[in-house]
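Letters are used for the chains, namely A, B, C and D, taken in the order the chains are written, and counting of residues starts over at 1 for each.
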């Protein structure tokens, strides 16, 4: 019997090696896999490359991972926040490399990784500093920049419900990067509020089919909000 | 002369948003535009983080941390709204499905270039978000900004000195002084908004030449 | 008040010009917009470029459009069927140009059009006759073929339910090309079984947001099966 | 010698499909594989037209025209199944998420090339469907075919003479005579399936050299 459900975030992340690329879902607090981030900090892997829309807020989650000096590189679209002090400090100290990626290009590069696209041309950022040094091409009257996929070793995402096959449904704007990160990683770990019986998620309403999910951990709402 | 306030600029933008338009409002002043769309005019608001059909801010205590906009503020959803993932959301933007986006800016150039993401200072922490995608992808890019810097220099310029967000994409600029269209042949004044400001005075403040077909 | 619902297939297709590119949803009978195809035949536009997975079956729908000599070019993955006699005849007579596209490349080219991607590299068809004359590139140890988007002037698709904003939900495997064709066309017309009140499709379950749909026509199930 | 029948080949393939595998079965003989997967082994079947978790054929009269497989035959859906659109479906294939696809073929070459979509005749109406995507994208490509043509020529060849479907992608071939792995250093016989067929006879029929590590 297929059963992707594990007992704890710690069990789900036990083998994360140093140097891994970790895709982290969420936009603001919505969809942020807090319990998985706590487990990753406890697990101890170092020299990580992290992909997230932001670069951590306040003192928990990704910010705590940065504060613990586990992150050597971060790909994100918007690191600067009023409370991104751990990132700010590490970046100014040169402890951490930043690859700034426009948000839509970040999303499309993740989507390309999941969908087996080798590279793609996007109009975004053409003629700007973020396209400097990149290959460009004029296609059908418009200018485009060549961009490459972002593959993850792990994706840590948060969904609302899962079944034992790993099918996921999300809640409102907490969906955000979850589906595309799930498809872009070798090992996707989903933190969910609720485990439901196989078939309880209507097949029309499955947002991330289980083919993209390797591990599921139930984290009750209270713990997830920590 | 009497310059427009932030809400007056937002109201002026709202006048130009037709029923049925799919619209993305940037953070800051652009977000205020939503407050000025008449209640009987259906406009569908998009946010980069995967939502169409954003409604008013929730009442205090009714916020849902899973329902936020691109500025990470709590919002509500109208009947007819929908959720989708980030790649689909930016597919809407990049694919030209957003009729209008409204962005703030540091500078706009006469050729439609926009600079709004980086001050150019070497030690500034850069952050771009979805601004470059919106600039490149929306059918029309409206910019709202104060017309002049604190030093009195025009933010509408011949060529942006700040790092660009997008090239040749701005279609209309709404400032506290005027509404200006950007076309292939340059800047066209649509109307003067500041009370008591003459075309000649505006032209002088604006720096870059303005075309103006008065009685149309 | 936004209201994308029109009275009839004829009204929805009144302005289709000669020479238009028409994306036609469906895979087999599932998702085939039969009533819209009948209306397109009655409307009379000629010299059409048609995109569909197949090239018509038996004597109705796309096959009838081909039989009526309205199609000058077809892009599809699988024209040959036991009952594709109208296509077979027109193709052998040289009346119709065929661009054969691998099914996944067809889907991805449509998706690229809707998502504003200027071109993309796919591993599919590398080293085969279908990649002859196409640009290729070696990326990260694999060989890829460069492919371009397929934009439509019109998309004719079938969904299960719609509201007046044009939000769509589909039924089972009738979903197939509908969502990506909707996004790839300037004017998408959806034939649906049922019109529902705004809000009646759960926002979590909208598959094609109304932003991709310009016109909706209700076609009761019996008529749709004709 | 006694060659395997179609159902015996399908049953042999089924033996190699492990629990939990995501599998795409091509039209024809490959479709039969589903019938031979033990009922207590959970295997998730994918079809190109946007479905995961395909179950048995429906009982007569219970067909649903909206629920079909890539061969356009009516199917059922297991609990845990899901629907998605064509770009997502081929994203699964191209992105390497399908563990095993099983395809028929005209020819397979010693370097893993496969030819299964076109006879090469000039006036043949070409049709490719999803074969090239599956060949390029699945983690493992299994081929089922009769070992010999009607004329007695091996369909396992040094180099395909028919137009290719994919290059260097086939990992294992199941015929009515044998199971053969394709590795970087050539063909490896896994087992002889036809009763009474010796390695030497198979080698002679096969044409291309076979490696065979007997007692492993």
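Operating definition for what follows: contacts are C-beta pairs under 8 Å (C-beta built on N, C-alpha and C of every residue); 3 or more make two chains touch, one makes a residue touch a chain.
In this text the structure is predicted, and so the values were computed from the model without any measurement.
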Touching both subunit C and subunit D we find A
A student comparing B-C to A-B should find more C-beta pairs in contact for A-B
Distance between the CA centroids of subunit A and subunit D (whole Å) is 35
Subunit A and subunit B have mean C-alpha positions lying a whole-number Å distance apart equal to 29
Note: subunit C sits from subunit A at a C-alpha centroid distance in Å of 33
Multi-chain touching residues of subunit D, meaning two or more other chains, are 77, 83-84, 87, 90-91, 93-94, 137
Touching two or more other chains in subunit C are residues 108, 111, 115-117, 122-123, 170-172, 203-204, 207
Contact graph of the chains (line, ring, star, complete, other): other
A full list of chain pairs that touch reads A-B, A-C, A-D, B-C, C-D
Given the complex, residues on subunit C that touch subunit D span 27-31, 77-80, 84, 87-88, 91-92, 98, 100-108, 110-111, 122-130, 143, 170-180, 207
The residues of subunit A that touch subunit D in their complex are 1-2, 111, 113-117, 163-165, 167, 183, 197-199, 201, 203-204, 206, 209-212
Listed in rising order, subunit A residues that touch subunit C in their complex are 108, 112, 115-123, 137, 139-140, 142, 144, 148, 169-172, 203-205, 207
Seen from subunit B, its contact residues with subunit C in the complex are 19-20, 22, 42, 44, 46, 52-53, 77, 79-84, 87, 90-98, 137
Subunit D contacts subunit C in the complex at 47-51, 64-69, 72, 77, 83-87, 89-91, 93-94, 113, 118, 123, 125-133, 136-137, 163-167
